[in-house]
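These notes concern the structure reproduced below.
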Amino acid sequence: MGARSFGAVALAVVVAGLAVTRVLDNQYYYFAGYVVLQYVVLATAWNILGGYTGYVNFGTPAFFALGAYTAVVLIQSLKAPLAIQLVAGAIISGLLGLALGYLTLRLRGVFFSIATLALAVVLQTMFINWEYTGGARGITLVRPASAPLFGNYVQFLFVVMLGLAVLAVATAWWIERSWIGRGLTAIRDNEEAAECMGVPTLRLKLVATTVSGVLMGLAGAPFPYYVTFVEPTSVFDLNYAVNSLAMPMIGGSTTWIGPVIGAVLLGTAQQIATVTISSALNLLLVGLILVAFVILAPEGIVGLVQRLARRSGERTRRSGV
Amino acid sequence: MRRNRSRTRAWAVVSLLIGALFASSAWPGAASAADPIKIGFGMALTGGLAANGKAALIAMQLWEADVNKKGGLLGRPVQLVYYDDQTKGATVPGIYTKLLDVDKVHFVVSGYGTNLIAPAMPIVMERKLVFPALFGLANNEKHNYSGYFQIMPAGPRPAIDWTGTYLEVAARQTPKPQTLALVGADAEYPHNALAGIRENAKRLGFKVVYDSTYPPNTVDFTPIVRVIKAQNPDVVFVASYPPDSAGMVLAAHEVGLQPKMFGGGMVGLQFAALLTKLGPKLNGIVNYDFWVPEPTLKFSGIEDFLKRYQAQAEKAGVDPLGHYLPPWAYAYLQVLGQAIEGTKSLDQQKVADYVRTQEHDTIVGKVKFGANGEWATSRVLQVQFQGIETTDIAQFHKAGKRVVVWPEQYKSGKLIYPYSSAMK
Amino acid sequence: MSAEAFLDVQGVTKRFGGFQALSAVSLQVRQGERFGLIGPNGSGKTTLINCISGTLRTDGGRIVFADQDITTLPAHRRTRLGIARSFQIPKPFTSMTVLQNLMIPIEYAGRGHRDGVVDEAMGILGLMGLAAKAHVPSAALTQIEMRKLELARAMAARPRLLVSDEAMAGLSSTEVDDILAILFELNQRGITIVMIEHIMRAVMRFSERIAVLDAGEKIAEGGPDEILADKRVEKAYLGE
Amino acid sequence: MVWLDLLLNALAAGILLGGFYAAVSLGIALAFGLLDIVNIAHPVFVMLGSYVAYGMNARFGFDPILTGLLFTPVFYALGVLLYRVYYVSFERKGAESLRGLVFFFGVLFIVEVSLLLAFGVDYRMVEARYIGETFQIGPVGIAFRLLVPCVVGVALTGALYLFLSRTFYGRAIQAVAQDSFALRLMGANPFRVKGIAFGLAIATAALAGALLIMIGPVEPAMNREYIGRVFAVAVLGGMGSIGGTLVAAIIVGVAESLTSTFYGPSWGVAVSFGVLLLALAVRPSGLFGR
């Protein structure tokens, strides 16, 4: 997709989102849509590090929670508006990403992944013991009743998350196309060879971890106002780690569209499952789909479609001769 | 050949995915009956609180059946519409807006637990709905919302009144115990309980000699119990969830912790699973409870309810006793139902006013709410485990094993004090 | 230190835990030279070139390249200065085509010529005899093609010094001649070449000077004939 | 004097806990350390072991240890089967460990939810005569509930150590970790050897699960709390060194126990993860790395 058509689609998505808030009054779709969009951001952010660079991060909850708790602190201390919460959440989470980037100096592969898991546990323990943000008891936040221009605050949150999703996907799209993306791919394929071919691996990894952290922080920052009650077990939920990893895997982890497809499909399926089969079967489904995909379609849906397209292309060519 | 196989495989994945989506979306939310009054809620049917959530659901379905057998409310049948909140607060806003905007339920009630009540509050408040709630601690403290009603009988100042009763019991012993050790899990309820008991300790003049929390996945409690023992406190207060309650009791026996009073806020000692495993090791422990089969608490309808609940519990794999949460899950719907009948109306404001001003007769006794939607006066019981000799479940169906020692009104026996003389 | 040294390795030392991989190895390579580095298995050859290319940090000593001290520079900076290497076990970027493999060093190491990058890459592939494979996924190459890709990719970094780590191991003798011809051709164009090799015939034919490592120490240095006559070298290779 | 008492008891409790952690971590040390298979689902197999022990105990009154031993062959077969799937789907294709990781993530969910559907969400415990008994050595009190798991854990470690160092297949497993070419020289088939090793790794979960339910009540989602801990122990222990795993497990146990005693239990778990992060940063090959 060229820059112009990508921009057009992005713009169309945002305009469509805004238009929806003018006609649709049913709150449920905003709440459910928000969650799906939040997963678009998380999956895309994860994929910049995991899919492009090949570093598997189990610490998504840590970044998400850091964004959320930054917002909590700002609400508690300054009653800061959402825009400031977003910026601050992005910065703090980005700094954690930067620190994680330096960790890649010494830790490769699975060791890195385990370290991110440990990071999440340590951070969670900190927030459990920090009374200012409610500690283990959690904290109730009173959401503003309305937002200027939007009337309903939840519609506003929905549009904000839509904007963040477009931002995240555009970032991934740009990285993928740029020299940074090619360098990250080289690192994923073989880090030592990449370094020896002139790729500044450390700097690029720092870019990847920081951008990934920033985007995850952005996903987390509006969460306190969405849910209005924040406590450690819910923001450090392992589900964020599982989903942000499963979605790119199912969609396809080598292109920007993969995580989007995965997040929309899996996220929507989960939303629907929540209000239908309403049981453990929901989780079982995620597990089965995940296993089926990694075994049968390791390149995800994008790879699957490409494979089918290539094959039908071959067939027409052959029949044409 | 190879190509063929991988094509088949590719199609298998695609159809699996489509099938999964189809299966999940084609399922109707709920079958519609002839113009029923719909009551919606999210409930923890999976995740950390599912054991209780499932038990509550059975009780609520019993209420639904009972009401419909008697001809419904206002001549209309009632219908429960519910979704699994997975014990995740993040699912709650979506569930309640779905109930209200898509399913068009007439009333909503809360799911089980503080963390799952809280995310529903802003939605309920925005729309000015009556909101009976099931076992949340101080959910209304910040909002002070007039439509909120908490069926758990903690009292007007939930965290303080709840834990206060334990220390009240202790303070009445002679000689009055002086020192107090506090310990609890790093989670929502225990932290609230500990905050409450610290205030009570100040008020009743106890000296806190140990005050600490432990992470929820603690495996071994003996180091903690040893440190407590080394402080030699007169009273030990534990605020814990089921796995750690068991761990604490076992560790206390292993280490030989024998304060003058032990217990207080342990969740799990109300359930058959732990009662039948710990058996005689429970003797002497004084712990909070809300209902036990003592003669002083035989409200009308409760025994019949429990019999029917117990018949279903086995099959559902939930607590076979059902003394803890199920009666209250039944009762908070009773309150709502009585208010609808009493006002002959589905108007939220009228129903809320009725709930707030009237006294309600339920299977857990007479319920009267105060201004902030909590019980007007606390009815937290302190019970002492006495005379347990086996791990047999049948004994817990009968009176005399969990003796009510507080409050005076429901007292069914004498506290054996100190703890050590009740241990045998 | 020799004034004419292009690459000057001065007393380089490397330890892995308690294992002394290199002890104070010194050697000088002149500009435009064909230099051979040999030694039995485990003698420290690969460790030495890892230190030269920057994938390992030295524990002692200095490395000077083109009058610049590069001892503490990261590998990618050294590549930009003009040191390129190929790997003993080919390490292609497996998710890319052959052409894309070459684009990485062209883009990252050979700065300042964004136009004609594809032409440049195709030129190198032509030289290596890989032009027909340009759009093939690199994972689908044969063994010899992988080796050639290693060299081609190193060439794409526009090196002034090429370190070739056992580029011929496991190849047939006509394939060895193939690779040798390529290396001669590169040297003709002015690229200094350090060759690590087990195949004696190739090293002896190719190198102007040879250094011999054994157990982390340099035991001999000189022209091919001197090395062949050296008693210590014979002992190192054949044992007592 | 009180202080010394507490110190001794904390050390004892930590060592007991460590023995148990070793039993839980051995499977990871084998699969991850020696075979390079990131079986993040290992703790869920431990849970499976716990539920088997619970079922046999509730239905037939079997001792949990006995059940654990009886079911090791079943778990072994399960492990071999799982390795087959893993081998065919990932290892043979040379796919990077990332996909294998995701695969095991999926397995974790499937097993966990299956347990949930089969046993419900209520907490389960077992009964055995020695649970709750305790004895005293000087000032140190030792609980059977913790002593038995520790002894079994250490015994299991010892048995595995002997197996790996004294038997043909044991040495073959060690060799496969180094170099599968050398293994062929020994005349063994790497696929078969790895299958045996992975089978053994899962087999240890049967016993570890029995120990877990002996210590305290379990519920299906509990496995997640062990993921971090077992990897911490395996990495700290030096990836596949059996003795190292035991020592690392004891270090983690003692660290948790000492923090609980002297600093406040709240930070116990964070401390063991802090130790892990530190170890990873300073010495990625572990304390006893090869």
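A, B, C and D are the chain letters, set down in written order, and residue numbers restart from 1 in every chain.
The definition used in the following text is that a residue touches a chain if its C-beta (ideal position, glycine included) is under 8 Å from a C-beta of that chain, and two chains touch if they have at least 3 such contacts.
None of these values were measured; they are calculated from a predicted model.
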Smallest count of steps, each to a touching chain, taking subunit B to subunit C: 2
Chain whose average C-alpha position is farthest from subunit C's own: B
Cα-centroid distance, subunit A relative to subunit B, in whole angstrom: 35
Where subunit A and subunit D are represented by their mean Cα positions, the distance between them in whole Å: 32
Centroid spacing, where centroids are CA-atom means, of subunit C and subunit D in whole angstrom: 46
For subunit D, residues that touch 2 or more chains besides their own: 116, 266, 269-270
In subunit C, residues with contacts to at least two other chains: none
Sequence positions of subunit A contacting 2 or more other chains: 125, 128-129, 280, 283
Pairs of chains, among all present, that meet the touch criterion: A-B, A-C, A-D, B-D
Subunit A-touching residues of subunit D, taken from the complex the two chains share: 32, 38, 85, 89-90, 95-99, 101-103, 105-110, 112-114, 116-117, 224, 227-228, 231-232, 235, 266-267, 269-270, 273-274, 276-277, 280-281, 284
Partner subunit B, residues of subunit D touching it in the complex: 2, 5-6, 9-10, 13-14, 16-17, 20, 116, 119-125, 127, 131-132, 134, 141, 143, 145-146, 215-219, 221-222, 225, 256-258, 260-261, 264-266, 268-270
Subunit D contact footprint on subunit A (complex, rising order): 50, 54, 56, 103, 106-107, 109-111, 113-115, 117-119, 121-122, 125-126, 128-129, 238, 242, 245-246, 249, 280-281, 283-284, 286-288, 290-291, 294-295, 298
Residues on subunit B engaged by subunit D in the complex (per definition of touch): 46-48, 50-51, 54, 186, 212-220, 222-224, 226-227, 230, 242-243, 246-247, 250-251, 253-256, 268, 271, 273-274, 277, 281, 316-319, 391
Sites on subunit B touched by subunit A in the complex: 3, 6-7, 9-10, 12-14, 16-17, 20-21, 23-25, 27, 29, 45-46, 48, 82-84, 86, 88-95, 97-98, 100-102, 114-115, 118-119, 121-123, 126, 139, 141-143, 185-188, 190-192, 195, 213, 215
